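Here the chain labels run A, B, C and D in written order, and each chain numbers its own residues starting at 1.
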């Protein structure tokens, strides 16, 4: 049982990393959102698996919230925003896709390099899911990288969300989730953040006739 | 009234004066009178306080609540050394206050006199508190209060771009100095015994040999020298001085040049002789070296300067150099004396002599430089120009100003029996009596200081002939000068007191030197008054070396001048004095044919060409024919060596670096995120 | 006390004579008859009986300068040993002397500027320029002697060296004397620094400063200049080579001192005259070269005192 | 007890919502801020006298109380200043009535989040609160409908969110290390517990987590090179908000770092690791800020860079450690808050008079706005660390801290940079205050309202603190300092 569940967990973690890579490779906005939804669902399933092992009730709740908010509500909101501001359908990366993929590969290696002592050497962390830490850090870094390498405001929001997913994975993997109240607060914050950012994306579009953030260069020294 | 009450009253008066000026800012005239009456009054109180301590014995102590526990006791103590500087501050403060009554009139309606009164009173107060602070932090606070108030006063004519940039240079330099002083104090604090203390009483315990590690002592010495040297105007830290002094209103220049730069002398004396102890001979030699350079550079630049006040400012650099020559000599002697007080007892005497010379010259310089700046202010007041090439002929138009300025010029040129001469005489004596130092290298270096002192004196005389000549003599070179009128009486009174004291402190130096000896003996523990003064004669301590009596010289001159007058009357009888034109070789003379100030200094410019690196530009405009010239214009500029080769590159470097760094804030959010990304990765990889 | 006053009066009294002698010797060397050696006295008498013309541009500085100059030089004369190695030492020492001379020059330079004449300005400028190097030279060279004698009082220096003999002083003395001699020429406006006989506008220095003076005022200035010259000669002969000077108050030694002084001064006067006849005036801007040499010589004199370890 | 203080701004925000009259909104907002201050004072008094207040999720010790006081004090000042400032903006048509009301609502929410930062015990909640500050203030930063304000708000939002996200990862890692020791208890994320058990925590994890925290919250603090949002946001926000951002928001974020710093210092890593990093980033920040102050063209941006500089100084102080370093840094938090508030208030007045943020276009303030000009100059001298202002004392203490902890290189850099900043800052301020005004002349007298009085009071306060630090403040700072000594310290 334990064997098979950890296999599932590892598989889901790998799926999350994979979706992140595909998101880097994709150049259609809609597929980005869909990939994000997929990733969130995978994350929710992973949380459920963990919950099934540890039997911690609040993780189930968190898993449901993840699937509900990140897998459904937020993608829907993003699609709504994209629809409203009628942006082009292309992603418009700053760095070419092959190079990005290469860099993200490097980032994954770096993430593993960084977390390696924590996972294997120190032995302080005893969770069965600790191997996922490297993947979660990789997802955080790649999400971060997305924000740097993409032009559009919406893609930046999605990069941030990807980072959050990575974080969430980390939380699950090394601590079996944060205390409930904290989790709830975090979800609330993320939701509000996306809302506000979406609003600003509107305002940017209205003011500049574009959601390209590289033209936001009035303020400089 | 005892000393403490007097001190309290002094502080109260100053504060009241400051507040009163601030609140009366609306009524210019009343404000002018009130603020400077208050400052005169407080100066008088300061004078009384100084005399009480100097003539009596013991100290006056005033304690404030401490800012932060751990900072020690915030108290003001007036001991002999403080009292001496308090004396100088009060005298000049009183003169300048009276002078300002009239001088500031021209600011009515242009700038706020309330501000002037506020700042002037604060400045005066902070000067006194600087020389009496008895705690390192309290001292720093007062020191910067002094700097800031003087900075604001320099910027008083704040709509002139010139004042603003000069003020900035000044405040930045002085801040730099303060930073170094602060570090030095912290180093000293770290070495105070037991539970570290910022009190000066704890600092005094550092003077024992070995109380501080060698490195810490030397670092503290260097930092203090640079820090206070900045304020004093030692080369190459002097650059602010010729900028700030001319930009300030003249009453402020007088205070700054006359007394503010001396507070650095005060504190260096206290730090070196009172706290650290001058155990190393090289300290004194270094001071001597820098002092020699300062004296020479100061006077050389003063000779070339066409701005009256700037020339005076450079002359301050020179005189600070002279004071530091004596100070350095005292440090050299004291270093031998400290090591072996018995065998080198005579060197202890010499140290005392050199220190007396330094202090005497400090007092004299505050008087005559104050006087000269006030005189320059009077000239400025009457002619609205301080360009030497536009002045001239004022001796006839401003008779009293001319006479008073002349007394200042005589004093600063060390003409006997004025006070400037007495100071230099004492210095020469202390430098010449060095045969008994066992180190031959030191023996060789001291004559160089003598040579520099002599050279400086001669050049200074040339400089002041030029300044006085160009300003007051011959014909006016511009309409401003031609229409000049005598200044108001209060200004003359202020200058008159200073001029009178220049003469008195010279002629009656016999009375003053013993008092200064009390000051130095409180520091060095050696009193030489008994050896120095016999009746009317000043003679240095080493037996029959030499003697001099300023009083006798004064009396002799006073006899000789009427005598020569009488003789010339007597010989050949009375004859008429006819007034006529100056010999003009047949072509009428105009003010344009006079020797100009630049012309006057041209030969010296030639000798010291390698120092000045003059840049001469002659431009000729022709008429239609290339043979007939329409006009020829000539301009000569000397290279500002320190500004160009020391300061400009430093500033340039900082600016270039800043500009380089500017690329990081280009507005791209992607780039901004990338910085965070990179920092994060680097830290994680380094510290994983 | 009386002797001190008397020797000062003697010094002042023979001052014009020395000037006369120098002129006479120069005339002789140039194969002229030349005026009598008493001619300077006659000139002075003549000048005293004349009125003065004062420029309308001049101020009080111009008026007081002759009196101040004369007074300063008289006070200075009090400090110089002539025939007896005691002076009014308590009044001042060599530093006072040098600064009194500087006072005289200071006033002269100002007075020259006062009339607004270009010549005056030129003379004043050049005078201050030369003196800026000459003054330290004088000071240092006498300091060298002061170190040797252990006192800066001129009388005591003379006394000390006269009593102690040659071995005490040799190298320091020679260097210092050479420097001081150059300084003497420069200070007294002699060739090669200046030509006392010229009124050629572009070359004169000292005379340019006196150009506007006339009558009595000129006479006073002339006396001052002449006295200045003899003071320098007296210092040369009695501070650097004090042998023969009276060190006690016997008639014999005083007479000996007088004779020695006259002989020494005469020798110096002739030397000056010979130099003036044999050399040409230097270009103004080449003067620093020789002056700097003198300055370095004097510095070396002081240093050699320490280097050679004399006490 | 503590929750009341949190409720006040929330209630006020809610009260403002239905109000339609401008004056009423203003009155309610100011009254609310005043009540907040009073409540903070009383609760802080209790903390300072009894030591700590423990209410589970909410917890206060001296450090919390100290920062709490700063928040509510500057909050009140800024709220008060907002009245005249925003009325003027309304007159000029820069904002609408609706925006004005929303402004006060978000203002109170902003204050609420900052208060929450200081009183939360749980590091997770603290994280939520800090993220909340970003969200609440983003509206305020982007209040004006100008393209530049939107740009600034966007950058602020995105960059700070990213930073905060990283900080959450740091928090998670700390949590991971703590549940190994404490088990999965609800207080395993409480810093009070963590600090008490710091020595048992795994140093490797703490290291990684502190890096995330430093980079994450450091973004919010404005440590260079994560500071990039700061000048944009400060220059575009309405001036009272800039004051609030500079004066206390940065301190709040710094508070977040400090909590972790205390935990890490208590662990087997000692204070060297986190202190060293703080020192490093402090110096980089001061250097960067210095460079930009030198090149500054916009005075509000210059003030923002100066905030970066001062946060760097505070970081340096904590980095040096020791009594004087920490004491100085704490004191500097207060001083900087007061001085920067003063400067922003002055800058606001200048902006409304000259309608430009260009340094080169503002001259002769002393003539045009004599009192503001004088106060601005005083503030400029104060902020650059000139005695007799209190910033000198705190900077001096940090210097003492540096030399006594034998960080010679650090101290030298610190001093050199301070001098450079001093020169550059005064050059700009001097150029603005003095000189001949270039104003197209519409001679109008300076409005000397309550805002000028407030500025004067602030200046007098920093002047007085520079000469004498009252006994109680001394005591408070000392109490706070003792929290930094591992093991509670005596």
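Note that a residue touches a chain if its C-beta (ideal position, glycine included) is under 8 Å from a C-beta of that chain, and two chains touch if they have at least 3 such contacts.
A quick note: this is a predicted structure, and the numbers were derived from the prediction, not measured.
Visitor: Using only Cα atoms to place each chain's centre, name the chain farthest from chain B.
Guide: Between chain B and every other chain, the largest centroid distance is to A.
Visitor: Between A-B and B-D, which chain pair is linked by more C-beta pairs in contact?
Guide: Spelling it out, more C-beta pairs touch across B-D than across the other pair.
Visitor: As a quick test, compute the distance in whole Å between the mean CA positions of chain A and chain B.
Guide: 69
Visitor: Let me have the rounded angstrom distance from the C-alpha centre of chain A over to the C-alpha centre of chain C, please.
Guide: Their C-alpha centroids are separated by 100 Å.
Visitor: Roughly how far is chain C from chain D, centre to centre by C-alpha average, rounded to an integer in Å?
Guide: 77
Visitor: I'd like to verify one number: the distance from the centre of chain B to the centre of chain D, where each centre is the average of its C-alpha atoms, in whole angstrom.
Guide: Chain B and chain D have C-alpha centres separated by 43 Å.
Visitor: When you check chain B against every other chain, which residues touch at least two of them?
Guide: Those would be 662, 665, 669, 673, 676, 684, 688.
Visitor: Of all the residues in chain D, which ones touch at least 2 other chains?
Guide: In chain D, residues 154-155, 158, 162, 166, 208, 231, 292, 295 touch at least two other chains, as defined above.
Visitor: Provide the list of chain A residues touching at least two other chains, using ranges where the numbers run on.
Guide: Where chain A meets two or more other chains at a single residue, that happens at 114, 117, 144, 147, 156, 213, 216, 218-219, 221.
Visitor: If two chains touch, include that pair; go through all of them.
Guide: Here the touching chain pairs work out to A-B, A-D, B-C, B-D.
Visitor: Please name which positions on chain B make contact with chain C in the complex.
Guide: Residues 392-393, 395-396, 399, 402-403, 406, 410, 413-416, 421, 424-425, 428-429, 432, 435, 440, 443-444, 447-448, 450-451, 454-455, 457-459, 461-462, 465-466, 468-470, 472-475, 536-537, 544-549, 552-553, 556-557, 560-561, 563-565, 568, 571-573, 575-585, 589, 591, 593-595, 599-604, 606-607.
Visitor: Any idea which chain B residues touch chain A in the complex?
Guide: Those in contact with chain A are residues 662, 665-670, 673-674, 676-677, 681, 684-685, 688.
Visitor: Write out the stretch or stretches of chain A touching chain D in their complex.
Guide: Checking each residue of chain A against chain D gives 114, 117-118, 121-122, 124-126, 137, 140, 144, 147, 153, 156, 160, 163-164, 167, 170-171, 174-176, 178-179, 181-182, 185-186, 188-189, 192-193, 196-197, 200, 203-204, 207-208, 213, 216, 218-219, 221.
Visitor: Touching residues of chain C toward chain B in the complex: what are they?
Guide: Those in contact with chain B are residues 45, 47-61, 64, 66-68, 70-72, 74-75, 78, 88-96, 99-100, 102-103, 105-106, 109-110, 113-122, 124-126, 128-129, 131-136, 139-140, 143, 146-147, 150-153, 156, 201, 211-212, 215-216, 219-220, 284-285, 288, 295, 298-299, 302-303, 306-307, 311.
Visitor: Across the complex, what residues on chain D touch chain A?
Guide: 57, 122, 124-125, 127-128, 131-132, 135, 138-139, 142, 145, 147-148, 150-155, 157-158, 161-162, 165-166, 168-169, 172-173, 175-177, 179-180, 184, 186, 188-189, 202, 204-205, 208, 231-232, 235-236, 292, 295-297, 301
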